[in-house]
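Chain nomenclature is as follows: A, B, C and D, assigned in order of appearance, with residue numbering initiated at 1 for each chain independently.
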Amino acid sequence: MSIGKHHWVIAEGFIPEKGPRPDDPKLSSHETACILNAGDQQASIELTLYFSDREPAGPYRIMVPPRRTLHLRFDDLTDPEPLPRETDYASVFVSDVPVVVQHTRLDARAADLALMTSLAWSS
Amino acid sequence: MSIGKHHWVIAEGFIPEKGPRPDDPKLSSHETACILNAGDQQASIELTLYFSDREPAGPYRIMVPPRRTLHLRFDDLTDPEPLPRETDYASVFVSDVPVVVQHTRLDARAADLALMTSLAWSS
Amino acid sequence: MSIGKHHWVIAEGFIPEKGPRPDDPKLSSHETACILNAGDQQASIELTLYFSDREPAGPYRIMVPPRRTLHLRFDDLTDPEPLPRETDYASVFVSDVPVVVQHTRLDARAADLALMTSLAWSS
Amino acid sequence: MSIGKHHWVIAEGFIPEKGPRPDDPKLSSHETACILNAGDQQASIELTLYFSDREPAGPYRIMVPPRRTLHLRFDDLTDPEPLPRETDYASVFVSDVPVVVQHTRLDARAADLALMTSLAWSS
């Protein structure tokens, strides 16, 4: 089934410091864009990152195979440039096939975890 | 009143380890799809689960009686197969009557609880 | 300005036990429907609560004055009947003028707080 | 790319007490409206705040440069008047160019942090 939209925006973005478990990727602070490609064609996505005080970074090129989900960690981005922590940003995804995008942050700065998630905005 | 949509997508999905209270279903880690069928006909829903590295699982068949809500726990799914913990997934719901779906995670890995929720994406 | 929609649905609903500060309304577990009436006419809203195992409760009648917000606590509802804690429910709001509704839960069962929020679904 | 909507509503609003780290802006309680202006023209935004028991405050005038994001902290607002803590409010954004708005709260009242976020409602 082909389901979703071609344009997605996450207006919130901020990767906190890693916190007290810096060597555990799952339990240190991170942000994720969860992308579902429920269709039968590979999704080629261009991701652009926006900042408060400089020109945008990107495009980052992301592939999601057909009938697969990708939980893209923003701290894994390296090409064309890594995303610094403790920096306000926003992200725009442009896909060649319909997908659905949801944003999640895990904040591990305190001893315990805080979580938040939201559907991204689509058009 | 019949209210809602026929197609719903939750792009985020990950059931953390149960945490320090594994025998208390309410206080161990879980994810829920909260489904409202406000109409006067039973909702027959087909749920498909998508993964990062394998073909989708399902369909899971879910019934929601008229004028009822169902808080479906993903860790209760067994037929056609259970959903493993600590695994990235996404879910697509196709209902024969209009419903509304909201996604919630309780993460109990730390000593305290973290919560997150989002409306699912509809079409 | 008149802005919003007439129908709103919160598919998630569950008021946890009050937690270790039962006499402090702000720091004990609760759920809120935050309603904005940005228009110049009073909003008359009918709220119906749906459950997993019984017929719906309501309608509850809620008034929001023009140019005001109301943070409606579900544990304040009494007429026609109170809403029990630790019970799955969902809610449907029907307003005679456009409003906007957002849902928030504060979970105080653990020593610390957990929060979650989502825009409700509108039509 | 010009992407987004002109009207955005955050129905939830409440800035908790600062908590145990009052001198650390990032780790004391706050609320943020994350605004993305992905277009090539500056966004001029009028923000109005609504309350439960008084007439609205504003308009607050906010500028977001082209191709920039602004994480607007509500506790930074001063003109025409500051926003008190521990007060229910809601907010309406009217922009002259398309933008996207997401709402986030960090609650630091307890020893650890709680987070929540939601896409705002657009029209």
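Following the convention adopted for this analysis, a residue touches a chain if its C-beta (ideal position, glycine included) is under 8 Å from a C-beta of that chain, and two chains touch if they have at least 3 such contacts.
The UniProt protein names, listed by chain, are A, B, C, D = Sensory rhodopsin transducer.
Just so it is clear, the model here is predicted, and its values are computed rather than measured.
Relative orientation of chain B and chain C, expressed as the C-alpha superposition rotation angle, is 90° to the nearest 5. Looking at which positions face the partner, chain C and chain D present mostly different ones, since fewer than half of the interface numbers are shared.
Averaging C-alpha coordinates per chain and comparing to chain D, the farthest chain turns out to be B. Remark: chain A and chain D have CA centroids separated by 21 Å (rounded to whole angstrom).
Chain geometry summary: the mean Cα position of chain B and that of chain D are 30 Å apart.
Taken residue by residue, chain C touches two or more other chains at 111-112, 114-119, whereas all remaining positions touch fewer. Listed in rising order, the residues of chain A touching chain B in the complex are 1, 3-4, 26-27, 32, 34-36, 38, 67-71, 100-102, 104, 106, 111-119, 122. On the side of chain C, the complex with chain B involves touching residues 7, 9-14, 48, 50-53, 55-56, 86, 88-90, 92, 94, 103, 105, 107, 109-112, 114-121, 123.
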